[in-house]
Amino acid sequence: MDAVGIEQMRKEDSLRVSTGIHGLDTLLNGGFPKGHAILLSGTPGTGKSIACFQYLFEGLKNGEKGLYLSSDEPIENLLKEAAAFGFDFSESMKNGQMKFLYLPMEAQDVYRDIETELKHERYERIVLDSLTPISERPRWMVSNGQEHIPSTTAMTSTTIPLGSTQAIRSHVRYLLTLFKQQDSTVILTSEVTEESKNLSRDTISEFLVDGILFLTLDTTMDRRKVTIRKMRRTKHTLKPHDFSITDQGLMIHL
Amino acid sequence: MDAVGIEQMRKEDSLRVSTGIHGLDTLLNGGFPKGHAILLSGTPGTGKSIACFQYLFEGLKNGEKGLYLSSDEPIENLLKEAAAFGFDFSESMKNGQMKFLYLPMEAQDVYRDIETELKHERYERIVLDSLTPISERPRWMVSNGQEHIPSTTAMTSTTIPLGSTQAIRSHVRYLLTLFKQQDSTVILTSEVTEESKNLSRDTISEFLVDGILFLTLDTTMDRRKVTIRKMRRTKHTLKPHDFSITDQGLMIHL
Amino acid sequence: MDAVGIEQMRKEDSLRVSTGIHGLDTLLNGGFPKGHAILLSGTPGTGKSIACFQYLFEGLKNGEKGLYLSSDEPIENLLKEAAAFGFDFSESMKNGQMKFLYLPMEAQDVYRDIETELKHERYERIVLDSLTPISERPRWMVSNGQEHIPSTTAMTSTTIPLGSTQAIRSHVRYLLTLFKQQDSTVILTSEVTEESKNLSRDTISEFLVDGILFLTLDTTMDRRKVTIRKMRRTKHTLKPHDFSITDQGLMIHL
Amino acid sequence: MDAVGIEQMRKEDSLRVSTGIHGLDTLLNGGFPKGHAILLSGTPGTGKSIACFQYLFEGLKNGEKGLYLSSDEPIENLLKEAAAFGFDFSESMKNGQMKFLYLPMEAQDVYRDIETELKHERYERIVLDSLTPISERPRWMVSNGQEHIPSTTAMTSTTIPLGSTQAIRSHVRYLLTLFKQQDSTVILTSEVTEESKNLSRDTISEFLVDGILFLTLDTTMDRRKVTIRKMRRTKHTLKPHDFSITDQGLMIHL
Amino acid sequence: MDAVGIEQMRKEDSLRVSTGIHGLDTLLNGGFPKGHAILLSGTPGTGKSIACFQYLFEGLKNGEKGLYLSSDEPIENLLKEAAAFGFDFSESMKNGQMKFLYLPMEAQDVYRDIETELKHERYERIVLDSLTPISERPRWMVSNGQEHIPSTTAMTSTTIPLGSTQAIRSHVRYLLTLFKQQDSTVILTSEVTEESKNLSRDTISEFLVDGILFLTLDTTMDRRKVTIRKMRRTKHTLKPHDFSITDQGLMIHL
Amino acid sequence: MDAVGIEQMRKEDSLRVSTGIHGLDTLLNGGFPKGHAILLSGTPGTGKSIACFQYLFEGLKNGEKGLYLSSDEPIENLLKEAAAFGFDFSESMKNGQMKFLYLPMEAQDVYRDIETELKHERYERIVLDSLTPISERPRWMVSNGQEHIPSTTAMTSTTIPLGSTQAIRSHVRYLLTLFKQQDSTVILTSEVTEESKNLSRDTISEFLVDGILFLTLDTTMDRRKVTIRKMRRTKHTLKPHDFSITDQGLMIHL
């Protein structure tokens, strides 16, 4: 890599992707670093999906293409939920600027649909909502190095323990590589249970992503908080900030 | 989806289903959002079943049809319990407005009876009391994508780990899809153990439902509390509210 | 179920079974609801067995028949323990009003003896001391729906995971159904370890019973406490009450 | 059982076995109830073995026979440890009043030596130090009801899960029955880890014994405490009492 | 080993490798002891990778060779991240003073690339970022002592439990030996989850390394802290020190 | 055992082995009891290995033979570490008074080297640093009572669960017996993780040894503490004492 390469790097580094979440761009020196993968973690009902709508809608306003990969919720439900917050994706879906894709978790190969989609189209903004069901899937690899999709004979030929941290790493790495090939800026939502203090259910993905936004609730104080736990190439505070869920989505109190 | 579709969505979104629980409609801007699935979680003795009776009875008063799916308690016991609180379902059972269905957990296919019932009849209100025994069941899937009921040869042909989070997700998703096809508004009760701070025993279902009501006890203060932990398309407080169990069922102190 | 049925229900509901424990009937509006199954949970040495003696002895005084099912303690030891508190069951055992039955946990079919006993005799009051060793047993079911006793080939033919929550549910449900067929009012004692905050060791049975009495110790204060954690069809306080173990058994301080 | 039987029971109940531990008889109304099995639980270094020496030595002074079953420590080490506290068992070992028996845990049948010993001799006092390695052993049972010692083919023929709570119960019940046939008064020492709040490592044995003494350390205060957590047929305080380890063994501060 | 050997040892011991992290050399009497392996542990986003860049860049300034082994992050991403902090490795990469090597975790033999690299070149400074994915890999050993790479028949021929502490020890020991043969001074980064109080995810590697730096966050106080938890041959404080992430990397506040 | 035997015992009991750790002999009435096995437990970096050097070096000064068994660290590293604290073992190694032996954990029979060594030489002082990797190894036993080293067919022929508490007990007992046959006074170091409150990682060995020294850190106070948690035949305080790591090794503040 020559000096030009480094210059190019520094320049790219200064590129920021506006988040669409009111107040967040201010905390992040202009937005997410372009091409980064951000984990959006939180317990149930913290507003993860709404933040994703805001992020993609912001892109549409800028003429960017957006892809919503849903592993839990049927697309119809998502659209209703978005509409309730005034995010109308119908026009952009028709003109191909926006795409919602449901990932059937029961299918053997969870990646086929994503790979096909990314082969035909480049998206500036991608949301994977949520990462958790994928990272929890078992993954097998056989001796010749080729990936091996679980089959009815899997129990005898597997070499990587089912549900192991290795399987999780393998899934998250594969997904991140896929998204980075497009230079997409990605939000991956992640489940965190009430009892846990960790940043994801799998406790692995937070080490592999470029940034982490952590959403929490304080029921006794009736407050919602967001913490920037990690954001590469960005100087940021670690302090939790209050936010509200309004008619226009998440709004951070600065 | 065209502009009309979005309009239709917004309109549907404003539709609310009264809960029948005194004070709850006020906290929920009129009731549960129509067509949503609500998790009603709580430790033993918090009043989950009574709340379900109130919810269904309220529907009967409005001329809506109700279905009570019981996975733990025999129907006879449920009716006695309901009668003790003055909920007399006998008339509506006779005229077919109300149906109680016991789900035999020992059966291989737990869904057959529900599917049969929903094929022949549409219910505005459904209660599944409780979700927990179903979500805990193992689930197998074979290579051709068809569901595979556990058999004596299951151990060698299974591709999804027994009792895994994947099996839980698969169960909850299947049930929610089934109920949403009818556009039913559903309460799913869920067990939470004394020691846990989570919103369900399986720690998965709270991420898949549209809303969560969480019932807790404070024995030293002799108090019962309800918290709206999540309610899609609804602006709500996160603060716990005291409630009492009276002769007319749960009554929230506003 | 017609109007008469409901009337019958309400009437049955008002029937109360005196507990024989000093002060408890006052807290329970007259006693346990007739036909209910009550979980009596507690750490070691909290007085569970003594409470059971009191309950059955009270029945004998009223001319009711009593059955003590013991899964841990040999009958001879139980009788010595009862005698130490002045409960003399010898006369009622001779005239058949009272029966003590030891359940051999090592036997393959733990239910055979109970079923045989209940087929030949109806008992108003039953004690199962304790439920825990039974709920912890593995349980297998085969494809044709019939119960399958573990055999040497069990490992390959089982379809329900050993020691799973499903096995526990299956056991507790089976027992409760057995007892309710007789309309017996039942106490099931349940082990709770020192470290746990749960209401039973299995964390399942508390969701299936009709009522829960929870006995705890406060060693630094030299105090014993009982909490009514759940009691269907009964308005009750959640506050813990002090009790003493006296020569006449448990005595609650009101 | 006739009236004479009950009278006999009450009489036996008043029989107390002096513990030999200074101050403990006062707390226990004269000593352990005759024929009872007492769990002596504690973290490492709390003085369990010394208490056992005191208990057996006290018996020798009264002309009673004593048996020390050691599952962890070689007999020679035990004798050295006892001698350090001035307990000289050499004379009583020679004249057969006292016996130390080492139980080889690696042997397939851990009970053979105990059974042989108890068949030939009756001991008023027995110490099993400690119960923990035995209760943790796996135990298999086959379809015909006979016990089955693990063999090289055990993995395929077992019907009870290895290391399950059932195996523990089975072991503790078997031992208690063995000792009660002799009407021996027994101390079973039990390991409790530093982190645990439970009364034994297995969390089962405390529910099966007749009494529990719990020894704890408070290192910051340089104090040792004993709590009577359970003692059937005995009115006792639950308050922890300080004790010291002196040249004459454990001495409770009253 | 003769007197000269000891003299040689003492002399080597006094050799220190400057860390490049502002303030750390002062706390460590001049730097890391030469030839030692240092664990750099921390939760996500604590600055582990940046510290590694500083460490290697410092070496380049001194004319030392550096090797960055990456088990999680593609090299391109690492270079971008480094560039963002002003660390330009492009020149040193061209002239061979610096090498970045990506370790494919999916490969059967994770050590082949490291061994090959170390056979051909000697590096004064090595970074392994991170150790965690390697230490978590299963490891098999067969009877003849030779390492056995998992194959499709692994399940039947393995003698060491998968994912056991033994496998972890074996991996960490192997790596440390490999690095010490070169007398390289090594930083191994290590994942620590939010909830844990341990010094690594595997809880083993902290016992095998020569030193431990522990990075933590205090989000409520918006502070970052570093603790020297262990540093062989070095007199050091145990007190946590505040540090900032600046444009020049980590800077400790003395 | 006759009266002379007891006299001999009491005399042996008074024999103390000076520890070489400044201040510790005072706390222990002169040192470790001769022939005892002492567990030296602590989190990483608490000074366990340095204490071992002091202990063995003290013996060399008294003309006693010493053996250092290392299961984790190569001997060369140990010698460097010792030299850094001024412990020069080179002379005593040459004249055979001192021996360092590395135990290859990957070997099938971990005991062969120890047994061979102890057969040819008697050592007054032995250090096993650390016990943890050995106690964690699986151990198999076959039906005929002979130990069975794990082989490629182990999975089908094993009768003791891998990694069970039984395997740990078996390992620790075997080692202690081996050392006691020589009447050696032994230090066994033991790993304790940061999060744990237990006295060893295996939670078993603390019950089998004769004494326990527990080393802890208080990072916020920059303090190191040692607690004598157990010491047979020794009157000792339970209070933690501060200690420093100085140029001459551990020094306890009295």
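All chains are identified by letter, namely A, B, C, D, E and F, in their written order; residue positions are counted from 1 within each chain.
To be clear about the criterion, contacts are C-beta pairs under 8 Å (C-beta built on N, C-alpha and C of every residue); 3 or more make two chains touch, one makes a residue touch a chain.
Predicted model, so just to flag it, every value in this text is computed and none were measured.
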Subject >> Shared chain contacts [chain B and chain D, defined touch] >> reply: C
Original post:
Which chains does chain A share as contact partners with chain E?
Top reply: none
Subject >> Relative to chain C, chain with the most remote C-alpha centre >> reply: E
Original post:
What whole-Å value do you get for the distance between chain C and chain F if each is reduced to the mean of its CA atoms?
Top reply: 51
Subject >> Rounded Å distance, chain B centre to chain C centre (Cα mean) >> reply: 29
Original post:
So which stretches of chain E touch two or more other chains?
Top reply: 155
**OP:** Moving around the ring in the sense set by going from chain C to chain D, list every chain once.
**Re:** C, D, F, E, A, B
Subject >> Residue numbers on chain B that touch chain A, as the complex places them >> reply: 1-3, 5-6, 9-10, 12-13, 141-143, 145, 156-161, 164-166, 169-170, 173, 177, 180, 196-199, 203, 206-208, 212, 227, 229-233, 235, 237-240
Subject >> chain F residues touching chain E - in the complex, by the definition given at the top >> reply: 44-45, 72-74, 77, 79-81, 83-84, 88, 90, 93-94, 105-108, 130, 132-133, 136-138, 150-152, 154-155, 162-163, 191, 193-195, 217-220, 222-224, 245
